[in-house]
Each structure stands twice: as C-alpha cells, then as structure tokens.
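Submitted below is the structure of interest, expressed as structure tokens.
We call the chains A, B, C, D and E, going by the order they appear; numbering starts again at 1 in every chain.
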Amino acid sequence: MTDFALPGALMRALLPEITLTIGTLILLLTGAWGGELSSPTRRSTRFAIGIVLATAISVIMAWMKGDGGTLDGRLAGDGFRYAMDLVLLLGTAGSLALLDTDQARTRAYQAEVPVLMLLALCGMMFLTAARDLMFLFIGLELMSIAVYVLAGVNRSSAKSAEASLKYFLLGAFSSGFLLYGIALLYGAAGDTRLAVIGSTPAGPIYLVGVALLLVGMVFKVAAVPFHLWTPDVYDGAPSPITAFMAASVKTAAFAMLVRVMVEGIEPAIQHWHPVLWWLAALTMVVGNVVALAQRNIKRMLAYSSIAHSGYLLVAVLSFSPAATAAVVFYLFAYTLATLGAFAVLGIVSEGTESATTIEDLAGLWHVRPGLAVVFTVCLLAFLGFPLAGGAGFFAKWYVLRAALASTTPLMVLVVVLVLSSVVSAGYYLTAIASMFNQKRHASAMMPVQTPALSAAVMLVSVVLLLVFGVFPTPAARLAAVATLGAVPTTTVSSTDAR
Amino acid sequence: MAALQTAAAHPLDGSLAEWVWLLPLLPLLGALLNGALALWPRLSGVTAEHASLEARETETGRRLAGTRWLTSIVGPGVMLAAFALTVAIFFTMRGTADLVTPFVRTYASWMPVGDLRIDWGVQLDQLSVLMSLVITGVGFLIHVFSVGYMASDGGYARYFAYLNLFVAAMLVLVLGSSYPVMFVGWEGVGLASYLLIGFWFSEKANADAGKKAFIVNRIGDFGFLVAMFLLFSTTGSLDFVGAHSALAMASPAVFTAAALFLFLGCAGKSAQLPLYIWLPDAMAGPTPVSALIHAATMVTGGVYLVARASPVFAGAPEVSLFVALIGAISALFAATIALRQWDIKKVLAYSTISQLGYMFVAVGTGAYAAGVFHLVTHAFFKALLFLGAGAVIHAMHAAYHHAHQHDQDAQDLRNMGGLRRYLPITSATMWLATLAIAGVPPLAGFFSKDEILASVFARAQGSPLASATLLGVPGSVLLYLIYAVGIITALLTAVYMTRLMLLAFTGANRTGDHASAGLHEAPSVMTIPMIALAVLTVVGGWLNLPELLPLGPTHLLSDWLDPVTGDASRVLGGTAHLDHGTELMLVGTAVAIALIGIGIAYARFRGSVATKENAVPETGIAALLGDAYRVDAGLDRTLVQPLGVFASRVLWQGIDQRIDRAFVAGGALISRVAGQAHDALGAGDVGRYAWVIVLGVLAMLAAFTLR
Amino acid sequence: MTPFYRFQFYLFALMAIGAALLFVTRKSPVSAALWLVNVMFALSGLYVMLDAPFVAAVQVLVYAGAIMVVFVFVVMLLNLGRPDQLPDLREAGARIGAGVVGVALLANLLAMRRETLPGVELAPPSDNVVLPVAEALFTEYLLAFELTSILLLVAIVGSVVLAKKRAVA
Amino acid sequence: MMLGDALIVSAILFTIGVVGVLTRRNAIILFMCVELMLNAVNLSFVTFAKLHGVGGHVFVIIVMTIAAAEAAVGLAIVISVFRHFGAVDLQNLKLLRR
Amino acid sequence: MTMQESLIAMGVASWLLPALVLWPLIGAAMVLVLGRDARPRPTGAALPSDSLGSGGPDARVLTFAVLVVEAVLGIAAWLAFDADAAGWQLRTDLTWLPDLGAQFSLGVDGISLPMLVLTTCLMPLALLATWDQITTRVPSYGALLLALTSGLVGVFTALDLLLFYLAWELMLIPMYFIIGIWGSAGRTRAAIKYVMLTMFGSLLMLAAIAALYVMGGAESFHLDDLLQLSMGLETQLWLFGAFFLAFAIKSALVPFHTWLPDAQFEAPVIGAVVLGLKVGTYALLRFAMPLFPAAVMHDTVQSVVLILSVIAIVWGALVAIVQPDLRKVLSYSSISHLGFIMLGCFALTQQSVEGAVMIMVNHGITISALFLLAGFLKERRGTDRLDAFGGLARVVPLFAVMLTLSMLSTIGLPGTNGFIGEFLVLIGTYRTQPLFAILATSGVVFASVYALRATQRLLFASLDTKSNGGLRDLHGRQLVVMGVFAIAMLWLGLAPQPVLRRMEHASTALVERVRGTNAGFATPAPRGPGSLTLATPVRPATTGAPLR
C-alpha cells in the first residue's frame, strides 16, 4: 500500500485513539482561542471529561466490533487492550474531575493542563495496544513527556517543579535503558514486533536486551529498587496529577509490562522469572515496611502504590490468562480506590502547600463523617479487606488464586504477599484510627464543603467498590474476557522452590 | 442402670419411700423462701429511695424485722418436715423384709452424651437413710438452737437461707444415686459452708476463712473428679449400682488409682492430713454452723463416701490401709494440737479432726459399720459440745456487751472459768458430752470408739487386710501401730476435753467482775436442743451394742448396714473375731485410758490460769502446739506466696506484658529504622536515585548474563 | 573491503569515544556541550560508514544542529557557563565508584559478544539511499510517524505550559 | 566483525553516558549524558539496520524526534526549576524528602 | 403436630437463616438513616450529626428493636430445628458468585445452632444492660453493633468457605471501631493490635482457602464439596496449620492470647462481651477439623495442641489470680476456659466435643454476665479495680448475689452451667488422653482461687471506701437482664439435655469423620496402669490417603 489513506481496518482499530486525538485538538484550539473566558481551565476540564466519555463509548464500540488487530500485528485489538483502556479512561476522568475541584480552589492550573492529560492518555492507550516495540516506545514517551510536564504544572510551587525535574531526569535515564533494550532485541530478532521477538531463540544479545527492556518497564511501575522517584514525585506533584499518576500511569505501565511479558519475551522466561520474583518480593516488603514510617499521607500512599506494584507483579509472574484477568480486575479496583482516596485528600489538604500528615486527619470523622467513611473504604480496599474494603478484597483474591494456580505454584511469594499485607494494615489502620479514634484538634481548620465533582468521584468509587465487593461477577467476567495469551508451554523453573 | 433398677420390682415400690425426692426439696424450698425474704427489701426498692448507706441499712433492717417471725417458722419448719419424712421412710424400710438391693429412682436425664448417661436420681438404702436421719434430726435441733443464737443478728433470714441450703445439699450428697449427683451435693455443701463461714463477711478474716475452706476442698474435689473419670472410662457408668457392678472386670491398678483419688476427695472434705488446714479457720462462722457443718454432718461426708464406695476400696486393700493410717495420724496430730488451744472452738475443731481420724481408721480397716456408728454418735456429742460452746460464747458476748468491753475475746478459755454457776444446764450437758467423747461407759462415744479399736485389733490379728502390705510394710504391723495410736489419741482426747471443761466451768471466774454480772444461761430455745442432744449422747450407744455388753439387742447398726457395706467389710476384714477375753481386755484398757486422761487433766488444770491479756507467752513445745505446728505459716511461705510471685512476676509481667510491649515497640522500631535507612538511600538527591537504579540494572544484567 | 575504510571507521569510533570521555569530564557546561557535539559528528561519520547517510545527515541537522544548540542556549540563558560555579562534578569517591560501576556495566553489556554477528561487507554507499527509508517511513511506519507529530505537540504544549508567563487562570 | 565492533563502540558510549549521569550534578549536563546514551543506542540501531534493513533507520529518526521533544520539555522544566531555586544543581533540590 | 413441624410447614426453612444474616444489615441501614442521636454531642451542635434522620426515633431504641427481632428469629431457628435429624438443617443455597463457585449457602447443625441462638439472644440483652453507657454518636454505634451481629451470625451459619471468610472479616471492622471510638484510654493501640493480629491469622487462612480451592480442584467453596477432596498428609498439615493459626489467634490460645485482655479491657463493655464469644473454636470444629482429619490426628499436632491447651488452662488461671482489674481477671479466666475447649476439641470423643461446645455456650453466657457486672461497676465508679472496692455485699446485695452466682458458674460449680461443659470435656478427654485430662482438672482448683479472690475483694471485707457507700444496686433494666442470665445459668446447669440432645448427631458425625473410625466407645476396654500414661490417639482408618 503506497497511498497515505488509512485503510478501514486501521480506522476501526484506532477508533478510540482517533476520537481522543481529534477531541483533544479541538479542545486545544478552543483553549487557544477562548483564552480570555472566566475560567478556561475549568471549562476545558469539563470538556475533557466529555471527550473521555466519548472515547470510552468508542472503546466499547470497538470492543464489541471484535478484534481489530492491524498493521500486520503491530497493534492489538484484543479484550485486554480495550479493558485496560476503559480502566485508563476511568482513572483519567476521575483525575480530571479532581483537577476541576482543585482548580476551583487553587487556580493553579492553566487551560492546557487537561489537554496534556488527554495527550498522555493517548500515549497510554497506545501502550495498551502496542504489539510493536516502536509503538511501545512512542506511546511510553508520549505518556511520560506529558506527565513530566504535568508533575510541574503548579508553577507557584517549587516542590512541583522539583518533582517534575526529578521525574523527568530519571524517566529519561530509564527510557535510555529501555531504548537500548529495544535496540538489542531488534538486533536479535530483526524486527520490533512482539510476535517476531516472541518466536526468536534467546541469545546473548536477546537476553541483554530483555534485561534492559525490563529495567525501563519496572521503572515505570515503580518496582524496588527502581522506585525511589515515586514518593518524591507523588509528594511534589499536585494531588489531581498524583492521582492521575497513581491510577492511570501505573495501569498503562502494567498493561505494557504484561503484554511484553506474555507476547514478547516469553522465550527468556527462564531468565526473567527469577529476577521478577525477587523484584516482586522486594517491592512488597520494602513498599509496605517503609510506608509504616510515613506520616505524610501522600508519601504513604506512594509507598502503598509501590507495594501494590509488588502484588501485581505476583500476578504477572503467575503468567496465565487467569493472571492477566487478575491484573485487569486489580487495576480496576485499585484505580477506584486511588481516585476516592485522592478525592478526600484533595478536600482535606485544602489545597495548601504544606504536606498533609496523618495528624491532620485526626478526628475527621467527628466533623465530616462522610469524608472519613469514604477514605476508610478506600484504605480498606487498598488493604484488600473484604466487604468493607469491597472489590479490593476480590482483587487480592484473584491474584492469590492465580499465583497458586500457576504451573509452578508461587507458595513462598503468596506467603510474602500475605504477611506484607498484614504489615500494610499497620499504616492503613493508623490513618483510620486517627480519623475515628481521636478528637479533632482545636487548631485544625474545618474542611471545605465537598464540591459536586469530587463528591461524584467519591460516590462512584465507593459505590462501585462496595458493589463489586459483594458481587464482583460482572467485572470479573469482563476481566476474564480480557485475558492475554495462553498458558505458557514452558514450565518455569521457579525461584519459588526456595 | 438406674432405669433397669427401677424397672425391676422393688419391695419399696409404691411405698412411702416414693416420697424420698421431697427430702432435699423441702430445705431447698426453705432456702429459696428465706433468700427471697433476705433480699426483698432491696427488690422492693429500698435502694431507689435511700441514697446514703446508713439510711438504706436502717430501712432494710426495719423491713426485715417485719419478716423475722416468718423466717423463724420456715427455717426450722422445713427441717422438722424433712425429719418427719425421713423417720417415716426409715420405719417403712424397717418394716420391709429382705431389703437387699437399694431403692433407686431416677427423675430426669441430666447429661446424656453418647454412652454417658447421667440422671437426676436418688438411691435409698440403709446407709443413706441413716445419714438422712442424722442430718435432718441433728440439723433440726441446730436450726432451733440458731433461732435463739442468731436472734439479734441483722442477717437473720440470710443465715437461715444458707443453713437450709446446706441441708438440702447435704441430703443430695447422701441420697444421690450416682457419683456426679453426689458431687453436686458434695460441692453444694462446700458452697454453703463457704457462705456460712464468711457469714459475717465484714471481717476480712472470716471471708478469708471461707475462701480457704472452699479452695482446700477444691483440691479434694480434684481427686473426686479424676476418680469419676477413671471409673467411667473403666466401667462406662457412674451410677453407684452400675459402676460397682461393672468393676468386677477392672484391673487392680484401677482400684488403687480410683480409691486413692476418691480418698483425696474425702481428705479434703473431712479435714484429714494434709488437707485439714481449713477446718480450724472455719470456726470463724457462727457456732451453730460449726456444730452442724463442721462437726456433725458435712465433714463426715468423706467417711460416708468411703463407705458408699466400699466396693472400690475393698478392691484396694493397700489403699484401705493407707486410709486407716492417715486417719490414725490425723487423729493423733490433731489431738496433740488440741491440748494447747485456748480458743474454745479451736479445741473442738481439732478434736473434730481427731475424731474424724477415728472414723477413717474404721472405714479404712473395713469396719464400715463401726465407722458409721462413730459418725452418728460423734454427730450427737460433738454437736452438743459446739452448741454448748455456742451457749458459752453467747453468754460471754452478752456479758462483754453488757460491760461495753467489746475488745475482749469471748471465746478464750482464759477469760472464762467458773461458768458452772451461770450456765448450769450448759455445763451439765457439756460434761456428758465430754465424758462421751472421752470414752467413758456407758455413753455413746465409749461404744463407738471401743468398737473401732476392737475391730482394728481384730483385723490386726488376722485378716486379708493384715496380709496386705503398704509400701512393703505388712498390714498387721500397721494395724497394731494404728491401734496403739488410737489408744494414745483416746488418752489425749480425755485430757484436752477435760481441760476445756475445767478451764471453762470450774474454778474462779475470770471474765471480770464488771462483766460477769452480764453472764446468764441461754434461753430455752437454745437449751432444749442441747438437752435433746444430751439424751442422744447417753442412749446413742444402744444403736450398736457389742455382744460383750448385752444391755439390749446387739449389733443393730451393723446388721442394718450389712446389705450396703457387709460384703466389702468382709472382703477386707474377713471374719476376724475376737474372743471375749481379748475383747474384755481391750475394753478395760480403753476405759482405763479414758479415766487416766481425765485424771491427768484434773491434776494439771485444776488451778486457775492467767486471763488472756496478762497471760505469759508460751514457749517451746507448748508454743509450737499452740501455733498448730505453724503449718499455715509454713505453707504460706513455701507454697502460696511463691505461686503468687511466679504468676505475677514471671507469667504476667515477665512474659505476657513483655510480649505485648515487644509487639508494639517492635513494630514502631522496625518501621522507624527501615524508614530512615530507606530515606538515607535517596535523601532526595536525584543523583543518588540514579546510583540505586544503576546498581539495580547491574544486578539484573548479572542475573541475565552470568549464567 | 578497503583498509582505508576500516581506518576511517576506527578513526571515527575513537573520535566518538574520546570526545565522549572529554564530555563527561569537563567542568564547564559549555565545553561539555561542545564535546558532546563532537561526539555527534563522529557518530554521523560512523553512520555513513554503516551506509546510513540519510540518518547521518539528520543526525548533524537535528542533533548537532538543533538540539545541542538549544542546550547551549539554555546554558547561556541561565548563565551556568561561569567556572566560578560550584564544581559540577560529584566528589571523588562518587567518581571512582562511577568508574567501577561503568566498567562492570560495560562488562555486562559486552556479554553480547558471545553472539557472533554475521560479517557484512562495508562497501562505499550505493546511490539512492534515501528512498528505502522514505518508503518505509511513509508506508510501513506511517502510523508511528504520525504519532511522533502528536509527541511534538505534547512538547510544544508542555513547554508552553511551563514556560509562558503566569497566566491568570 | 565490523558490526560487532560498532556494537562495542555503542556500548562504550552508552556506558560513558551512564557514568556521566552518575558523576554530574548539573541537571542540564545530566540531561546531556542521557542524550549521549540515546545516541549510543542510535548507533546500535544503525548497526543492526545493516543486518535487518531500514526499520532501524526509521527507529533512529523517531528517536531523534523524541529526543528533540524531550529536549524542549526538559529544558523548559530546567528553566522553571531555575526560577524557583536559582540553580540547577541537583544536590540543592531536596525539598522533597520524607 | 409439634412446634418444629408446624414451623417447617410454614416454610421457614427457606428464609430463616438468610433473614438472620441480612436483617441486622438492613437494620443497620435503618438505624443510620432514621436513628436519632441520644443527646446533643458534647463537641457542640455546630458539627453535623452522623445520623441523617435527625427527627427519627431514638437510635438506641431502634437498634434494640432490630436486635429483639433478630433474637426472635434465632429462637425460631431453635424451635424449627429437628433434634433427631442428622446433617444440615434450615439449609439455604442461593447462587452468589457462579464463576467462582461460591454460593450464599447457609445451614445449621447441632454445633452451630446453640452458638447461633446464644449470639442472637445475647446481643439485645447486652445492649439493654449497657443502655446508658454509650451516649455519643449512637446511630453509628447501633449500626456497627448490628453489622457485628450479622457477621457473627454469618460465621455461625455459613457453609460456604468464602462466605464464611467474608463474615469472619465482617466481624473485625465493627469491632475495631467499637473499641477504637467508644473504648477507653488505650483504645487505639488495643484496637490496632487486635485487628492486625487477627488479620495475620485470617490472611494466612485466606491463602489456605485459595490453596484448598485451587489445588483441591473442586473449584467450589462449599464445605460439602471440600469434604470430598483427598489431600496428602503434607498438604493437610500445611493448610491445617494456616487455619489453626487463624482460629487460635482469634480465640486467644496461649501463646497468642496477649491481645485479649488488652482489647477486652479497653473496649466498651458490649465489645468485651462479644469478644467473649468463641467464634474461633467454633470455626475450628466446623471447618479446620473435618477438612484436615489426618492433620488433626497427626501425633505431633495432637501433642502440641493438647500441651498448649493445658498450658492455657493453668497459665490463664494463674495470671488471673494476680490481676488488679475485674475485667482482666475475666479475660484471663476465658483464656483458661479456652484451654478446656481446645482440649475437648482435640481429645475427640463425643463427650469431649459436646463438652467443648457446651463450654463455648456456657462461657459465653457467664462471661457476658460478668462483664456486664464489671460494666456496672465501671459505670458507677469509673473503674473496676479490685482494690477500689470491698464490702459491696452490704451496699448492693443484688449485685453481690449475681456476681457470686456468675463466679460460681465460672469455676464450674455443679448445678451451674459452668460445670456441664468442663465435666464433659474432662471425662471425655480422660478416655483418650488421661494424662492431659488430669493435668487439666487441676485447673478447677486455680479457677476457684481467682474467682473467689475477685469476689471477696469486691464484695466482702469492710466497706472502707466511702464513695462505695452510695453505690446504686441493680435495678430496672439491669435487674431484668441479670435475672435472665441467672435463669439461663441455672437452667443450663440443671437441665442441659435439650442442648445436648440437639448436638448428638453433629458431634458423632464430627468425631467419626475426624477419627475415620467409629469412636463410640461403646464398650471401653478395661484399662491397666497404662490408663495414667499418655495414650497415643487412635489413628484414623485412612491417614493422608483419600479421606472417606
């Protein structure tokens, strides 16, 4: 095909991305022209939410149309992609809503911020779809560069700027490794398509390539020891952006990771399985234990998100359709909980510069029971507590099940998971305790009234969490459809033997 | 088992004996009624309207006073009814021919679990009916006495509630048709005694005494329980009939173990070594209580149990010997202590222990009838002695009250003396009882004690028991030894009892001129029961006359009890019999000993002694005896205190609390250290972060390439 | 292949490495930047050797020409060029450590050499080398190409957001 | 063999870039080191393109684009940091820790 | 037509248990929405109340009403239960998570029924007795209480392992808040410690459940299906270990007991009462033991658990002797009682098992009564330190009577309910483990020591503290509640056979299932001197290899 016209198949395959991009461009132009309006940011935020919803619809349409895999296998059109897209859209919509709330108070953001978020989303959506390392890289950079900027959009805040610089430098650094890995894999396989790479015997170049590729990817999912940037960036970036990072960026990163693992570098599984095993164990333990020491809630949540990466890595390691389904469900529940938590945090922190500590939560229940309850539900969801924690429990459950059901049951890893979860109870409960068990400090100011959009976010996340906490079946079914690859033929010589 | 028993035709079917279930219920009813009376002022809302304690108590007192008469009727009334019923049943049984098997009635299933069947049932036989007679009879008299003794006490209704409760429990104990049901009574009497000892609970000492009694008894109950488990796992039944009939196939070890554990229970309940320590303290209770519970009835429960479980003990001769030995030692031990007690009730308490020792000597040597005989007579004269003591104390209290000398000890013999003048009836009746316990013919005590000693001697001469061995020592030796101890104890008994009487009633009065004006004889409601008991003390011996002195029908009691304990007693004692010559010799010795004892006492304690406050502290052996060999202090130092320390210092503060702290502190520490270490890793410097990343990369590359 | 070619190849390689070493060791940002430009020139030379003249050209234009200029520009703007700035290098320990780590890293990377690559002939560049690239770029990799445009959009918007004067939002 | 050597060169350059990142404190120079790493990778791409056709070249071009974008954004970030801190020395950027 | 038949005819079987589980949750919602707070909160009226319906009925009354209905349902279950039938009764299966194979499956048998009835009847009584003790944020309090009830009922009725797990954890959070919000000074520490320890166990159990689910290959959580699985001894030991740990921690078996006194001391009285319910040991009997018989009968497991039980009995009793506060005494006494329960469970004779369940029930009753009494002291004097009192018998005779009665029940005085369980456990244990039985029996002595000590310190001796003079005696509500407790104690002590009869089938089934043999002990072989030595437990017919 030598003409530049996009063939229909490609059209169908990219329907969501195209919808998103066009919407974004429109938004950008309107922002450029209508710059003098009362609050362009809030308007464009609302508009952006609209675009996200439209994209969601198109995603669903594309999904129902069935497989749109195209460009001789450079883009996937499978359930996994669309399911992940939906989770991403959920996260983005939520973060946008929080952004709107925050903007209403701080006026810190410019009209282009939603545009950047949408562009980042675009990159993420390519990540979920990419079956070609080239697209993977472009998508990743698209997302990353946008997020580097987003971390620093609060231009009145030095912390914000510092966060953005740190994130940028380390991100670029790690993507250097990633790129080198891609180059070597390309060299070894002669092609950047996962399918080809997945069918290439693992030679030395191949292995080095895989190693470097992994480095780049686990940096994005913030696995120990590539996690150090997370607390700083989460802490420095404005809450809505932090929520965006915690929810969507992580989701996208895991989408990428899972697809590459399952479709791409399976030949080297003997090599990367033990490595990832250790990464998972380390991540769970370090994340949870260090979180215990945090008083600053955003940092605490940062470490908890690190720990969650550990749990998710366990699912990735179990390497089966059920496992990918578990990842999808987990990220869905995790996104909900994150949005809810940050919604509350946004209200409580009152958009002030100083970090919100656990002490600032003291007695919240006595003044604003609703907020306290929402926050509690979200924390318990992180904790994976049944019923009260809602879907969080089933998320953990599916991971456990996948881990035990994998060809070589990850017994030890499961125990590590369980024990580190107990540790995590330590800090979640401390936060809850300070909300409920303590009296409100006289000095503590009264949280502002909850704006409609935040309220909506809280409501949606809590309701969904609780409903899926009792009847996870619908979500679980979707996730089950959204599985990836087949059970590996090669049995892993598991590190779990120890 | 019980079901079978009732199914089979029994001579007593349909007779008056069918009413036996009413026996425990009557006192229980009384207990409930009196209990309600005691509480009704509160239930009728005194608390609500009276804030201050004083107001509340005066009001309570006022309301109670109104119901006092009712209590006075209900309390003794139910006892009288029970006594009457018992007598009626007794005579029905007398009238019934060939009464060999016990009459068992089960009314409800209690604990039916798998093959374990425990029913609420009563067993009526010669032994249980005899015990019931004593309990209800003596019990009734003591209730009547109490009406006078407690007349001015605030807790009048409460007192009678407890007392009735005790009788009910005691009747359950003796009438129960299975070990568990018996155990209900067993612990029930323990509870009642606990409540009554601590009746005047405002005195910490009294409450402590009650607690001590209960706990020491619990140690015995432990044995009882284990014995039950053993019997059940061996025989698959816990009814007396069923279990004993199934014992046949059991191995000797079972008999030994079961008998030993059972005896542990008996030792606790009947205050034998080493578990006697609670009884002297138990004197803290009102004196009629001491008379009823700690002399006449409850403490004899152990003796009853041995008799009841005679098939078990019969299977373990060495244990029987052991029982007899313990009995003998207790008898001597307690008697020596009694020599040097100044508290009138303490003397009687130790004497009780000593007399119980005699009973165990009897049942231990398989002379069950003799044991029970002594049990009955002892119930008479010891109850009498306690009531007498009660009368004395009552008078002394009145006197000191009259003289406003409340700090004076109303129970100390040194403060008495010459009371004969003021309390003639009391002193007369008590003298009778004293002679009886000393073993002077023809009083009850003489016959029973003589029979015990005689049977021991007879078995020593030749019997299965004599041929058995205990820890290698041949039985005959032990039996002779026991006999000797018995004789010595008899001597001591005579001495300390006479001493008591002399100090209390003869010589010059030491109460103090001022106070002595208030001394007076007890009211008739108290004296009449004493007189009644005195009569029993005199005629009690006729229950079981030896052939030697055919003053009437002989061996009534032995023949009566034969269906129950006969076999067992023959198994242990064989048909050992003494020729008249020997027996005459023994009787002579006994009487002589008694008289000698009395003589010694006269010689020694005729003169007056110093009153309590200006008494010189005793020294040497006397002090040792006065302090009861300082056993309590020793136990406290060696057992009680260390245990408490261990529990609190080691287990609680040492381990539990440490675990606790470790949990909290450890968690905090880990998180802090980890947090700091981790922060140090990056310390906010991107360069450092890069370092960590690169090191991670190296590790991963190594993992991939170094293969 | 001609020895001349080989000579050229190693010449450029050495230039690149040497310049890179000088780049990381310069204190002054400006000189460092200039050495980096040097590296890039050398690399474009290597590209030509590996018959990718088009890439070589782009390398010179975009990298050496555009990107590095921006760098230098920014350095000047923030005037970090002055040597009286506190020393840019980390303390000696870090440097030595970095050296060690670097060697280790290199060793690990060179594990690749266990794999023998097929030897290929280095020939003088054939004519018309741009066409295949162009063809691939506008057909097979069209979508990727389009995507980079979005990427550039992000770059524009992003730098505007960060750099433009504080707007009254 | 020639290709192998090219790969080695790229590896060396990459390592130098990494070492630079580890040794420098100036944000801009750090960033330049990253650029050096990218260049090294590009060399590998071109080398492999020699084996596998022009795909590698395309990748290089795309990488360059991305590098440009990164440069734009990165420098913007550096400037905004400079606004706040008056320096771009990374050891001074420690507002964010615990 | 008996009551039972008529109830069944009314078709209660199809809805009674779901109603029992769900009604409290509905009630909780009602209380939260409609309930009105008792009085204006001290923090000031400015703050928004957490009760949405400020005009509605008093939340406390509403909660009580809901609990009463629950109790009625519970009693209905008791009446509808057929004592002569084996297997699950009132069984209800509703599809819940078809993909997972988890069902909303409820049912009762002779073991769960008494616990169920006890719980449902206990809650309203406890609330009534502590009526005036909680005055702040009553709607939330009531709602949490109801959620807690639902969790308890769920635990006692769930047949599906996943459902059980959910109910198990459902108990945790309300308890956490009840301790954490309405507790005393050290509440936060106690609450967090309680939850973390419990979670440690329950998460291990969750892993074990997952393993059971995955490896068993049954792809079902239903007990009946899981009982069909065949597991090797190794597997059984591991999984049983996880389950046992969870239950041991929950029921505060030595050495996992230290959280209990703390929690029960810091918690409001009603929380302490609920903590006194023996869910852990119930779960042990219901799930852990039948699922892993080979593990239970494994020699090491047997000896370890039995030794721990005996240690618990003595340890708890000894430490209880030296406690300064009444509630701590009570906590340690329940630690001691737990030893008896464990002993009964693992001695595995019909008597011992039924005895264990009886202790669970009776101890639930007695300890509740005692904690409520302690609560009265705290309510009136703000403390329950023993040395703060003395001679109370003079002041508050009714209180004294109740306290004495309850204490006597604690030490197992025959005629009170306390005796039945202990006696059965010990007599049953003696058949398989004579040595342990004897050691355990020594516990009755220590029990009498701590019980009488506490009683005496409170009630007897002279009344020296003036402020105690004005103490108010039990009255009204409290008197009623205590009366009920007294009747229950005596009734269960004198005539427990209605309960025992209903247990018969379940306990037989359990014992046979675990022993794999008929352990009826119909004709006990005469024991030699060996009867005093540790008899090795009867091995199941099929160890490790496919069970049944």
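The definition used in the following text is that a residue touches a chain if its C-beta (ideal position, glycine included) is under 8 Å from a C-beta of that chain, and two chains touch if they have at least 3 such contacts.
Fair warning: this is a prediction, and the values are worked out from it, not measured in the lab.
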*asked:* Suppose chain centres are the mean of their C-alpha atoms. Which chain sits farthest from subunit D?
replied: B
*Contact-richer chain pair (by C-beta pairs counted) among A-D and B-D*: A-D
*Using C-alpha centroids, which chain lies at the maximum separation from subunit E?*
C
*asked:* Using CA atoms only, can you tell me which chain is the most central one in this structure?
replied: E
*asked:* For subunit B versus subunit C, what separation do you get between their C-alpha means, in angstrom?
replied: 104
*asked:* Just the number, please: Cα centre separation of subunit C and subunit D in whole Å.
replied: 7
*asked:* Nearest whole angstrom, what separates the Cα centre of subunit C from the Cα centre of subunit E?
replied: 72
*Any idea how many Å lie between the Cα centroids of subunit A and subunit E?*
43
*Per-residue overlap in subunit B, given as positions that touch at least 2 other chains*: 675, 682, 684, 686-687, 690-691, 694-695, 697, 701, 705
*What positions in subunit D touch 2 or more of the other chains?*
7, 14, 17-18, 21-22, 24-25, 30-31, 47, 51, 55, 58, 62, 66, 69-70, 73, 76-78, 80, 90, 93, 95-98
_Residues of subunit A whose C-beta touches two or more other chains_ = 134, 138, 141, 145, 148-149, 152, 155, 164-166, 169, 173, 184, 204, 207-208, 232, 294, 426
_For this structure, enumerate the chain pairs that meet the touch criterion._
A-B, A-C, A-D, A-E, B-C, B-D, B-E, C-D
*Under the touch definition given earlier, write down the residues of subunit A that touch subunit E in their complex.*
365-369, 380, 385-388, 393, 397, 400-401, 404-405, 409, 414-415, 418-419, 421-422, 425-426, 429-430, 432-433, 436-440, 471-473, 476-477, 480
*asked:* So in the complex, the part of subunit B that touches subunit A is made up of which residues?
replied: 667, 670-672, 674-676, 678, 681-682, 684, 686, 688-690, 692-693, 695-697, 700-701, 703-705, 707
*In their complex, what parts of subunit D are in touch with subunit A?*
7, 14, 17, 21, 27, 30-31, 34, 37-38, 40-41, 44-45, 47-48, 51-52, 55-56, 58-59, 62-63, 66, 69-70, 73-74, 76-78, 80-81, 83-85, 90, 93, 95-98
_subunit A residues within the subunit B interface of the complex_ = 165-166, 169-170, 173-174, 177, 204, 207-208, 210-212, 214-215, 219, 225-226, 228-229, 232, 268, 271-272, 274-275, 286, 289-290, 292-294, 426
*Parts of subunit B lying in touch with subunit C, wherever the complex brings them together*: 687, 691, 694-695, 697-698, 701-702, 705
